[in-house]
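Same chain, two partners: chain A is paired with chain B first, then with chain C.
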Partner chain A sequence: MKKSGNMILKKILHMVFILLLLSLIVFSFIRLIPGDPVKSSLGPLASEDTIAQYRHQLYFDRPLLVQWFHWLTGVVTRGDFGTSLYTHRAVSLDIAQYLPKSLELCALAALLILVLGVFFGTLAALFKNTWVDNLIRFITYLGVVTPAYAFGIVFLLIFAYGKGAFPIGGFPTIPAEFVRTGAPALDCLLSGQFALFVKCMQSYFLPCISVAIGSIAYQARIHRSSMVENVNADYIAFAEVAGVSKGKLICKHLMKPSFIPTLTVYGLQVASLLGNAFIIENIFRINGFSQYALNVILNKDPYGIIAVTIIFGIIFSVVNMLVDIGVAMLDPRIRLRGGQ
Partner chain B sequence: MAKTHSTLEAQQYHPKLEMLKRSWYKFSKNPMSMIGLIIVVLVFCVTAFCNVIAPFAEDAGIITHMSEAFQGPSLKHLCGTDDYGRDVFSRMLIGFRPSMGIAAIVLLISVPLGVFLGLLAGYYQGTLVDTVITRITELFMSVPPLILAMVVCCMFTNNYVFCALGIAVAWWPWYTRITYNLVVSLTNELYITYTELSGIGMLRIIFSEMLPNLVSSIITKMTLDTGSIILTASSMSYVGLGVQPPTPSLGSMVSDGVSYLPEYWWLSVMPAVAVIVIVMGFNLLGDGLTDVLSVEEK
Partner chain C sequence: MKHFKKALCGLLAASMMVSMAACGGATNTPATTTPAATDSTAASGDTILRLTCTTTPDTCDPAKGSGENDDNLYVNVYEALVKPNTADGSAEPWLATEWAYDEATNTYTFQLRDDVVFADGAAFTAADVKYSMDRMLAINDGYAYLYTNYVDSTEVIDERTVAFHLNQTYGPFISSLEKFYILNATAMTANTEAAGDYGENGDYGTKYLLNHSAGSGAYEVTAFEVNNSYKLAQNAAWWGEAGEAAPKNVEMMQLTDAATSKMLLQSGEVDLLHGHQESSTVASLTAGGYQSAAVEEYGLDYFMINTKSQPTDDVHIRKAISYACDYDAMSKIYGGCAPATGPIPSSLWGYSADTTQFTYDLEKAKAEIAQSAYADSLASHPIEIDYIQGNGETGKLCMLLAEALQSVGFTVSIEEVPWVSFCDNETDVSTSPNITNCFVTASYPEAGSLLETKYASWTLGNYNQNEWLQDDALDAMILDALSTVNDDERSQKYAEIQRYITGEVVPSVYTFVSTAKPVWNAASFDWCVAEGNIRGVLEWNFYYNDFTMLG
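Right after this comes the complex of A and B.
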């Protein structure tokens, strides 16, 4: 147990180190932007004095390391990510407004990827070389090669004009007194509004599926092949001979090792999920973090870009760390070596 | 000795050629791989000769035929016409060129860079060189690729060269990682130890002993990646990054067409289908290559 504790601590330190390095790199990149972001944010009519003053206020006239350190202390002590040159608000306020909704969307989609990917992968592996397997293989192939926006558009076409159970475009308005976290479905749950919660989940359904479907397909393919590989392993034959029941054989002896490759690619799937969210939020007109990030990037808003990359970096790194820990838990060889 | 050599030559026996023939035989037995190959060859042909093949090549630019706007698919306009009356089929074919161009630039940058760093880190495993390269790789892998590519593309100029550069910045670490892992597994092979013992320099070990063994894996990955890069680039052009109007690109054609759904469905559906077919072609080919090459290794 002490060894796994050490491993987790090591991983966290490593993650923090990489994120610090990332923020420094992005800072130096920002300085390379051609043109002057401060000048362009104040407009062509601003006087030299105002520009110089604003630049001083934003720490843009000081050495890179000083600016970075100032920003870092702000983030660590006050959660202050600097001021956006584009909305002229604190970046942290914008994040608090947009992030929860997108995070909820991505979390639901991530859950969907794991559950459905493993489900279809297992199904295909158990019915190997039957029509079930072939059908799943065909669908997953299509899923892997189709861009997320194509799924989004297909779902729009099918559901938008059918007036079905799954609304497109936006969410039901949550009354202000219920808003606690900013994530619609979670807020409804916390304040006990179950009818509204169901409505939120219905609105989430189509965007979630469109974001996740490619990754579900990929995950199913990986899970199928890793299960098929394990079916032929000696220890499965041994367990069968020893008289382990079929259900126990599948659930315990076959599932556990098969999850290792599945979990390893899961981290990558979350990355593609975060990327696809950019496109899907655009199609379904969800005013979320990806839309905000896209605006920030297109407007070359320095502190905005830094905050956006760091936040995506944090989400991605945390997921990868959890994946690593999960793999270590499943694989005693890694666990006992202390995660080396 | 000399005699045996000449008999061998007389029989025209080339082991490499023989191996290639066998691989080709295995490859051609799989219909899916052949479909992939045919699609990829067609895509390359279209990319090279799109100006000649496209029935209305002039429609790629700023041109309007308002009287012909929003016509459905017909024999004259195979995929219909768009809001300016331009032929969607011709614009799609011409849109292949930037997609393939971006894929080429990304691979030309990220493969040599990634493979070189991977070889270096793998050869010096356990030393400072290894640590530094691994950390840099992790750094670039700590942000989702599409987001990194978008940031890089936007910070400089929003055109298709910088779009490709952005994707390349996000892409090379994967080649470093795959090369590194392959080299690490090769280092334990006896022939590498023998080469080292016989006093052959490190550069020669890396480039003439290790690299040839990695080529098949890297080529397979490049084929599969071409599909992914085209997907990524089309996602970027969907939100307006990369190829700028009036030059057509598949992603931006889809996004332009979305506002005309569902009446004028061909505006977005046709380019989206084109993307799916291209990516599927490269994936089928890549899977076919994986099968052939991994069997050969076994």
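Right after this comes the complex of A and C.
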């Protein structure tokens, strides 16, 4: 237990160090981007006085380290990520507005990736080299090579526009009194608005499938390979000889070790979901964080870019930390090494 | 093991069957049927007009924005002292009943209406005008540039009389006031935070206006989500006459994906696609029974030629480029927009037809090249043409011009540049390409607005000017025209500038009039644009009180 605690503590400290370094690197890079973001933000007809005044207000006329330290102090003491040149308001407000919807989308997509990826991977492994395996292989190849936006548009055309089974993007209006976190489905659930919750889930269904389908396919391939590798291991043969039931053999002895590579890849897939969701958010009218990230980058919004990078960094680090913990739980050898 | 496998196999087969059933023949084919009236009724029974546009405003603050998307909101939520006549754009009374100009003191005095109230019921007075102008100048953003160099102070003479003291004569002052929207000073003061960038005025209510309105217009903002959507509701306290079947509510949503916009219109979830729609979108939707119209705006599509970089620093090269432009083909690419005949669209006050006209003639282009200093070295002086990323139709214009230029001996490259980089490149002459393509529209309905924005040296360094003229003679002419109060004299001076630009300098190629192509479901509402009797006057064609909801 103590070793596990040490491992988590070490990982958290490591994450903080990485994020600090990341913010400093991004600050430096932003200075190298050609053009004047302040001038771009204020528009073509802003006077030099206005530009100079705004630049001073944003600390852009100070040395890099002073600007970075000022920003860091704001983040740590007040949760203030600076002012966005793109939306002209506090970046923290932007994060509060855009992030919850995207996190909810990605969380649901992550669930789909895990469940369906493992399901299809297991099925393909158990029916190795049969028509089932071949069919899953074909579908997964299709899933891996087809970009998410293509699935998005096709799904929208067939299921939303054609069948009318799902809304053409967007979310139902959530009355202000029910808004707590900014994540529509969660807010409905917390407020006990189950009818609205169902509508939200309908709104999420197609974008979730679209954004997850490539990862489901990839996850299925990885899980299949891992299971096929383990099914030939000696300990499985011993377990069979020892009379372990088939269900227990698959679920405990085969699935558990096969999960280690699956989980490692899963962590990377989930962590990258947020960054890859911008086209899906655009197609399905989800005014989310991925679109915001793209916009701040295109608009060279310094504080927006830094905040987006840090948020992505945090999500990436946390997901990977959870995956490491999960892997350590599955494999005691890793747990023991990690605590040292 | 066998049972387990069978169960899994069955699950797989079931999921496949469900998928295939779901993918089966679509039951709904709206694109090929006549559009029906959409359900434009809210739960409350009120009518709703639903629109999409590619970008919504950042804030509801009329001192902050200066784009088409901002104007669309402002004209419905706020009101100004004057408004443009929808026939010719000239200023007519709105919140002001009349005005007078005192030449001796360079002062404009306005008499105000006495029956105007803001959305919260507060009476409109001269103090609101002064507050709004002082605030706009202090914030110095959006349309403030129209007034910062001219308005010295604003004086409240009495409750119904206000005076603007100018520090220099400014001919288009009345026209420019069409962009000066009046805020409810009482509501603003009550919602001002003490901490802010404007000294004793705190934040000047900028935070409040991030998602609230404080105007006297026909509508008020009821919900506003930055860069996503906003909702308007009819202002119950409005002093004007609400349209008999005007929409009670308006919902505008931001959407950049054309395919989704199209599906939303076809499925009846929106009534109107705002702004310019690509020709292919317009064609497919109108074939399905939806309506579209060409709404001319106060602007042009310009090929802006850098007069300071080689080889376009030679006027003969610039003339050759003007002759190499296939104007008819370009107009067709954009769906048949009206041709431009000079630097100013013919609908704009101050336009002159007495300009040098260029036509597509490659022989004349070759003759001009022969007269240029680069006649023998064209190959070693390549030309770069930039256009803004994401606008495929503009890219086609550039390709057409490039092909013609290559046929007369130029070496041409085309760059599709992200918007921010496009703007950044224009901040310095050394990073500005030889030619850019961009639409530029007037801020107020008068030639002076475009001439100043496009060619004056004091407005250099932005995407509106790739020409880098820095022509002292032209600067003096523009200044002189803008400071001329007499309309006839000012108009003559504008005409002289247009002659000079097209005859002597030739800094740009004028292709066609900027034209929006909105598409809408005519079964949902009647719109005066459908009858072709309105020009796209600074978003006044989207004055929702003029819409008539059907059904």
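Throughout what follows, the second predicted complex is superposed on the first by the 329 of 340 C-alpha atoms of A that agree within 3 Å, B and C clash if a C-alpha of one lies under 4 Å from a C-alpha of the other, contacts with A are read in each partner's own complex, and residues count from 1 in each chain.
Everything that follows uses one rule, which is that contacts are C-beta pairs under 8 Å (C-beta built on N, C-alpha and C of every residue); 3 or more make two chains touch, one makes a residue touch a chain.
Predicted, not measured: the structure shown is a model, and the values here were computed from it.
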item	value
Chain B versus chain C as contact partner of A:132, first or second or both or neither	second
Which of chain B and chain C A:21 touches, first, second, both or neither	first
Partner chain in contact with A:87 - chain B first, chain C second, else both or neither	second
Partner chain in contact with A:316 - chain B first, chain C second, else both or neither	first
First (chain B), second (chain C), both or neither touched by A:282	both
Partner chain(s) touched by A:188 [first = chain B, second = chain C, both, neither]	neither
Chain B versus chain C as contact partner of A:247, first or second or both or neither	second
Contacts of A:295 with chain B and chain C, given as first, second, both or neither	second
First, second, both or neither for A:32, with chain B first and chain C second	first
Superposition-derived comparison: chain B or chain C, residues of chain A touched	C
On chain A, the residue positions that both chain B and chain C contact, one per complex	34, 153, 156-157, 160-161, 282-283, 298, 300
Residues of chain A defined as touching chain C within the complex	34-36, 39-40, 42-47, 49-50, 57, 86-89, 94, 97, 119-120, 122-123, 126-127, 132, 135-136, 153, 156-165, 167-170, 246-247, 249-250, 282-285, 287, 292, 295, 298-300
Complex interface listing, chain B residues touching chain A	135, 138-139, 142-148, 150-152, 154-157, 227, 231-232, 234-235, 238-240, 251, 254-255, 258, 261-262, 265, 268-269, 272, 275-276, 279-280, 283
Chain C to chain A touching residues, read off their complex	1-2, 4-5, 8-9, 11-12, 22-23, 26-30, 58-59, 64, 66, 140-142, 145, 148, 197, 207, 210, 225-229, 253-257, 259-260, 263-264, 266-267, 269, 418-421, 423-424, 427, 431, 453, 459, 461-464
Complex interface listing, chain A residues touching chain B	18-19, 21-22, 25-26, 29-30, 32-34, 141-142, 144-150, 153, 156-157, 160-161, 271-272, 274-276, 278-279, 282-283, 293-294, 297-298, 300, 305, 308-309, 312-313, 316-317
